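Both of the next two complexes hold chain A, though its partner changes from chain B to chain C.
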Partner chain A sequence: MSSWPTETKYISHSTARIDAPAKLTGSARYSSDIQAEGWLYGMILRSKWPAAKVTAVSLDKARAVPGIKAAVVAREGEFNVRFYGEEIAAVAGTSKQACLDALRAIEVTADVRHEFVVSETEARNDNSPRVWDNAPNAPTPKVHEKGTVDTAFPECAAVIEGFYTTPVQIHNPMETHGNTVSWTDEGLTAWASTQGITSVRDGFAGALQLDHSQVRVLTDFMGGGFGAKFGPGVEGVLAAKLSKEAKAPVRLMLTRFDQALAVGNRPSSFQKIKMGALADGTLHAFEAENYGTAGIGGGADAGGGGGGADIPMPYIYAVPNTRVKQSAVAVNAGAARAFRAPGHPPASYGMESAMDDLAVKLGMDPLELRLKNDANEIRQREYKLGAEKFGWKDKYKAPGSSAGVVKTGIGCAGAAWGGSKGDRRTQGEAHINPDGSVEFRLGVQDLGTGTKTVIAVVAAEMLGLKPEQITVRVGDTNFPYGPGSGGSTTCPSVSPTVNDICTKALAQLQAQTGIADARGANWFAACKKLGVSPLVVQGQWQPGLSTNQACGVQFAEVEVDTETGLVTVKKILGVHDCGLIINQITLESQINGGIISGMGYALYEERVMDDLSGVVLNPNFETYKLPGIADVPDIEIVLINMPERGVIGIGEPATVATAGAIANAVANAIGARVYSLPITPAKILAALGKVPPSVPS
Partner chain B sequence: MKKQEPENFGAHSRRTFFKSLGTVAATAATAQVQSVAAELEKVNAEKLIGPEAVPVTLKVNGQKLKLMLEPRVTLLDALRNYSSLTGAKEGCDRATCGACTVLLGDTPVYSCQKLAIEAQGHDITTVEGLAKKGNLSKVQQAFLQKDALMCGYCTPGFLMSVTALLRKNPRPTADDVKHACSGNICRCGTQPRILSAALAAAGVATASKTEVVDYV
Partner chain C sequence: MKAFQYATAHSTASARELVADKGLYLAGGNDLLGLLKEYLVSADLLVNIKSLPGLDKIEAGKDFWTIGSLVTVASIEDHEKIKQVFPGLHEAAAEIASQQIRNVATVGGNLAQHSRCWYFRHRDTVCLKKDGDLCYARNGENRYHSLFTGNSCISPVVSSLATTFAALDATAVVLRDGQEMRQSMAELYHRAWENPLAHNSLEKGDLILRVEIPTARTRSTYLQVSDKHTFDWALVSCAAAADVVDGKLKSPRVALGSISPVPHQVEAANNLLDGQVLDEALATQAADLILKDAKPLEHNAYKVPMAHALIRRALLKLKGDA
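Presenting the complex of A and B:
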């Protein structure tokens, strides 16, 4: 049975990111930096209509632009486009300038449909234009029911009702989606900006009818994914077709504008919640009706809606009498994709807001209400530890009761992430050379979380070497299989795998060299005894070294200027558990990242669509607002060390609770609830009755 | 209010264009042999460059880079796509994310908003020029130690902004750092670490705020 060492030098300590020097000196080659021999620039022409039937696309004039080497249509024959930004054609040429000229020269003939819908609320109406011809935009809601909700509400001592809404959020990784693709008779090589090299390989093979063995995907460095970069994408397939036609590698990275329209987002949610508790605070009845949109994400066969807009309700609380109705709504907008903890941040925001509103009605401290109703022992511990460190008791005041124009408030919220114990198919190999150098190869990828460093830390610990002595290679489908980086499963997939490789390597070294313990001081002597041929050891994921079900709670402290409506987050305390800590410094960075992303969701981020034209109004960073360095609060982290549980991923649980905690802190500060994210100054002033509410979108 | 006119648009500022127009008109009136239009065409032929590629010389990290570029090519495009200097990143191509930040002299600029032809004659520093003889600069070293990077795509831009700040102000406050980096966006959430790295590079210690508590 595999196990983790208890006395450690590197595991549970902090090792600087092993690829930091490459990233800090500019020598790291990201997917968008690839300059394959004879490479061409690629760009995509997108629909300027939210709904249209494209009847003809003429590429002749585009092909005649100097420098243009290839031009392809997105689909053959007549086709429908269903959102502003859907792909129509693509070009490749010797420069970006040539491509820009060529895109302008493409002639598109289309029957523009003036009936379209981009508002979720409108799309639910029976007389709304249909996104898919043969299906309603909103299918019949799915209903989950337990207990007897209708008789339970009258038994409650306090009942609250609220309509809590969250916007569509855009991933906005700093490196946009895209690939450099070289497709020749020998096969296809793609340098992909992806968080799943294997799924990209399979995607290319499927779309282009190639064998898996003919496709190789490489990702040395990539600039963030957050759930949106698992497949080759339409852009990858178009790059491949351009490459074939031009007989040259094509680098086709999306523009920031493209990225905002067509390659993923977090669905919106519109949560009508009714919740009641008994006099002692015990949750007794819960009813929610939720709808949200994943754009066209459900596809034509989903019977309308679909696409991952449902959320887990009533989230982390067990309520005996529950009725949840959910219906995802199709609109003419780009499809949703997984986004860091899919479903959880909106569920946490809605549920935790309702919890605080109920606490106010009950006259209870909201933290007490959570301790009363959250059955999870780990979160109980986290709330208690966090409350003490945060000074909850001293800081908590009745809503809206702080003096002055700038009011302070605090709030908290909880998280849960099921995840998995890791992908049990994960494999890897070590090449141990007679000179003592050692290289690990795993077919995973590092999307910025520190996966390469995790591999080096575990290997160094197990082999008694230093992390800098371990060469780590990932991001190549020619390496043994590794999973996509989603669901916070990469760390629990690779750590046990590296443990296994090392265990087997030490056993083989002993067998081959006679040195009983090849670790540490004996390493070089043992390797030398290998003679001339390197030792190649393969290993795979083993049970007992990892687990799942992370928790986490967060506390927020805010200041709200009641004259301007400006919210300043002063402090966030995150109390998190992820079992055995592998590398503390990169773990902390992950938590910082989750919190800051959650803060953007709470206060700034929202895809804004124009109902009349159907276009995305903020496909850029000047109007799609992200937290900047001056917005970021003081972040404190408490890590609950649980080595007995093995390795658990942290990427997703760290972002779940932030928005709910901030929203509750704002409500506590001003004594009124802002029922919709992002909590903008205008909404604050409206909640305070100082300005009329804006027209709901 | 008088509208401010940029001092220099490279080879063809509006001011020099209008000046030359005046000269042309006077010449035409005197000589009365050529039409103003013909003379204009001649002057334009001398003054305007492009749209075809023209020779451009950039001084990047102390090295001369000779390129043939259409005048509309930005400095960022020239570095990334016409040479192998891909350290400066393209995050938005419209002056909003700062991933493309380079130094012109000591001044951080968005290289996506500077035409390559305009950058001629300046000492350009990109992220590739920060480490000397394989040794990380003080700022790079601090970024490494504080883990002020995750995916690393915004990192070159932040490094240039912080480097420029410390050249101008070797003992910055936290607010100075925030101000200097307010034109840079990071999506992974490295901002707290960038702040402490910038301060560490200036010799200001910041304590870790993480506590590890055993469950059992």
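Presenting the complex of A and C:
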């Protein structure tokens, strides 16, 4: 049975990213930096209509533009487009401007459909235009029921009702989606900005009918995925076709405009919640109806709808009597993709808001209400520890009771993440050279989360070396299989694998060299005894070293200007458990990122669609607002190290509770609830009853 | 963007000659390059005016200061004397965009910038402002739009400097057909009030040379509220300026941005305040007057209380109370 060392030098301590110098000096080559020999720019023509039947696409004039080397259609023959921004064709050329000129020269003949719908609320109406011809936009809701809700509500001492809504959040990693693809008779090589090199390889192979062995995917450095970068994407397949036609590598990285339209988003939610508790605060009845849109989603299925917009309700709380109805509504907009903790941030915002509203009605401290109803022992511990650190008891005041125009408030919320204990198929190998140098090769990828450093830390610990003595190579499908980085599973996949490789390496070294313990001081002597051939050791994921079910709670303190509506987040405290901490500094970095991203969800981010034209109105960072450094508060992170649990991923739980905690702090400050994210100054003023009626125009 | 020629002018006369009918002036380029890249404007020739002599100076004077149109927003922000003489101008400059943009953005460009309306800026909508038939914002997504307008377009002016210059009663000196003409901020934007196609009153080939700011108003301030804390457009901005003699306001002026196609000014409110000792009640009265004729739409009515608060705060700040 594998185990982790108990006395550690690197594990559970902090090692700066091993690739920090490369990143800081710019020598790190991200996917979007790749300049393959003779490469061309690639660009995509997108639909300017939200719904149309494209009857012909002529590329002749585009091909005639100077510098253009290839042009391809996204689909052969006649086809329907169902959202603004859907791919129609692509070109490759020697300059960006040549491509832009060529896109404007493509002639598209289409029957434009003026009947379309981009609002999920409107799309639910029976007479709304259908996104998919053969299926309703909103299928019959799925109903989950337990206990007896209808008789339970009258038994409650307090009942609240609220309609909590969250917007569509657009995937905007620092590096946009895209690839450089070289497709020749020998095969296909893709330098991909991906969180899953294996799934991208399989995607290319499937789409282009190639053997897996003919496709190689490389990802040395990439700038964020967050759930939206598992496949080659339409853009990758188009780049491949362009490459084949042009007989040259094609770099097709999306623009920010493209990014806002077609490569994924977090579905919206419209949560109508009714919840009741007994006089002592015990949750007793919960009824909810939720709908949201995943864009065109999976609506082609016979059942219709957008697919993939359901959220866990009533989230982390056990309520004996519940009825939950959910449906996903199709609209003419880009489809959703997994987005950091899919389903959880909207679920946490809705449920945790309802919890605070109920606490107010019960006259209870909202933290007490959580301690009363959250059965999870780890979160109980986190709430108590966090409350102490945060000074909850001293800071908590009745809603709206702080003096002055600028009011302060506090709130908290909880997070859960199931995750998995890691991908049991994960493999890796170490190449140990007679000079003592050692290289680890794993077919995973580092999204920027610090995976390479995690590998170095575990290897250094196990071998008695320093992290900088370990060379780490990932991001190559020629390496032993590694999983896609999703579901917060990379750390619990690679750590046990590296543990196994090291255990086997030490055993092998002992067998080959006779040195009983090749670690640390004996390392170089042992390696030297290998003679001329390097030792190559393979290992794989082992059970008992990792686990799942991470828990976290977050506390927020805000100031709200009740005359201007401006919200300033003063402090966020995150208390998170992640089992055995591998590398504290990169772990904290993950939590910082999760919190800042959660702040964006709480206060700024929202895809805005125009009902009349069907376009996305804010496909840029001017009006799709993201938190800047001036918006970011003091963030304090408290980690609960539980080595006995093994390694757990933290990427997703870190972002879940932030919006709920901020929303509750705002409600506590102003004494009124803002029922929708993002919480903008406009909505604050409306919640305070300060906004006059509009004048009909 | 469309291919264009590029030339550098070394005198205002040659700049005008070069720009002719189909050229555009290029200074900081923050607005122009975006417009060109989105194919919202096109030009056969860009005339680089950054080398025009004498337009990059800030000159202090007894009765008025002169700020050249090529002075960067960052140099206004960093100017130690401006902080004392025109604190409102310093505050407005400091709120504009990001440090990188302020480093290259010019006063002339800030005043002459085009609408930020997201329908106007969108490559695939043809709105009234682009000679289309319809203002999409009017019954659409109008959270960032005007409370006041003299035409069917509700795109607001967003120049923070224009708002502040209006409160300071500054004058823009514009070169038109070889002649210098003087325009108040009201005049500089008037055409946008009545014509949806216009962003300001400038005509083809007009060149803003400088802005003259009277020193009579010894106190000034600028406030804005945005969704974010920095690098975000104002939802509403408000500038106020006055002299204070024996505790009484003298020649007060209030102007607001982002709520009208022009810097929003109400003379009746300025008159109401003139010669008065300011208190909360008077500030409220002035704010009521300034916003009296607001016509809020479905999503921008929040701007009314927000503007009201900013007017009151700006006035009280002039007095030194806030």
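Here, the second predicted complex is superposed on the first by the 688 of 697 C-alpha atoms of A that agree within 3 Å, B and C clash if a C-alpha of one lies under 4 Å from a C-alpha of the other, contacts with A are read in each partner's own complex, and residues count from 1 in each chain.
Here is the rule we use: a residue touches a chain if its C-beta (ideal position, glycine included) is under 8 Å from a C-beta of that chain, and two chains touch if they have at least 3 such contacts.
For clarity, every value in this text was computed on a predicted model and none was experimentally measured.
J.: Regarding the shared-chain residue A:Thr680, is it in contact with chain B (first), chain C (second), both, or neither?
T.: Second partner only, chain C.
J.: I'd like to know which partner A:Val615 touches here: chain B for first, chain C for second, both or neither.
T.: In the superposed model, A:Val615 contacts chain C only, not chain B.
J.: Per the contact definition in the header, classify A:Ala630: touching chain B only (first), chain C only (second), both, or neither.
T.: In the superposed model, A:Ala630 contacts both chain B and chain C.
J.: Between chain B (first) and chain C (second), which, if any, makes contact with A:Asn376: first, second, both or neither?
T.: After superposing on A, A:Asn376 lies clear of both chain B and chain C.
J.: Of the partners chain B and chain C, which touch A:Thr282 in the superposed model: first, second, both, neither?
T.: Neither: A:Thr282 stays clear of chain B and chain C.
J.: After lining up the shared chain so the two structures overlap, which partner does A:Thr568 touch, if you call chain B first and chain C second: first, second, both or neither?
T.: After superposing on A, A:Thr568 lies in contact with chain C but is clear of chain B.
J.: Could you say whether A:Thr8 touches chain B, chain C, both of them, or neither, answering first, second, both or neither?
T.: A:Thr8 contacts neither chain B nor chain C.
J.: I'd like to know which partner A:Gln538 touches here: chain B for first, chain C for second, both or neither.
T.: In the superposition, A:Gln538 contacts neither chain B nor chain C.
J.: Give the label of whichever partner, chain B or chain C, reaches more residues of chain A.
T.: Residues of chain A touched, chain B against chain C: more for B.
J.: Intersection of chain A residues contacting chain B with those contacting chain C?
T.: 97, 622, 627-628, 630
J.: What residues on chain C touch chain A, complex-wise?
T.: Residues 1, 3, 116, 118-119, 122-125, 136, 138-141, 143-144, 225, 227-233, 235, 295-302, 304-306, 309-310, 313.
J.: So in the complex, the part of chain A that touches chain C is made up of which residues?
T.: 48, 84, 97, 100, 257, 563-566, 568, 603-604, 608, 610-613, 615, 617-618, 622-623, 625, 627-628, 630-631, 680-683, 685-686, 690-695, 697
J.: Can you list the residues on chain B that touch chain A in the complex?
T.: Chain B residues touching chain A: 70, 72-73, 77, 80-81, 84-94, 96-97, 99, 126-128, 130-131, 136, 140, 143-145, 147, 149-156, 159, 177-179, 181-182, 184-195, 208-216.
J.: Would you mind writing out the residues of chain A in touch with chain B in their complex?
T.: 16-17, 19-21, 23-30, 32-33, 35, 41, 95-97, 172-176, 221-224, 226, 253, 255-256, 378, 381, 385, 389, 447-450, 577, 581, 584-586, 588-590, 592-597, 620-622, 626-630, 632, 634-642, 644
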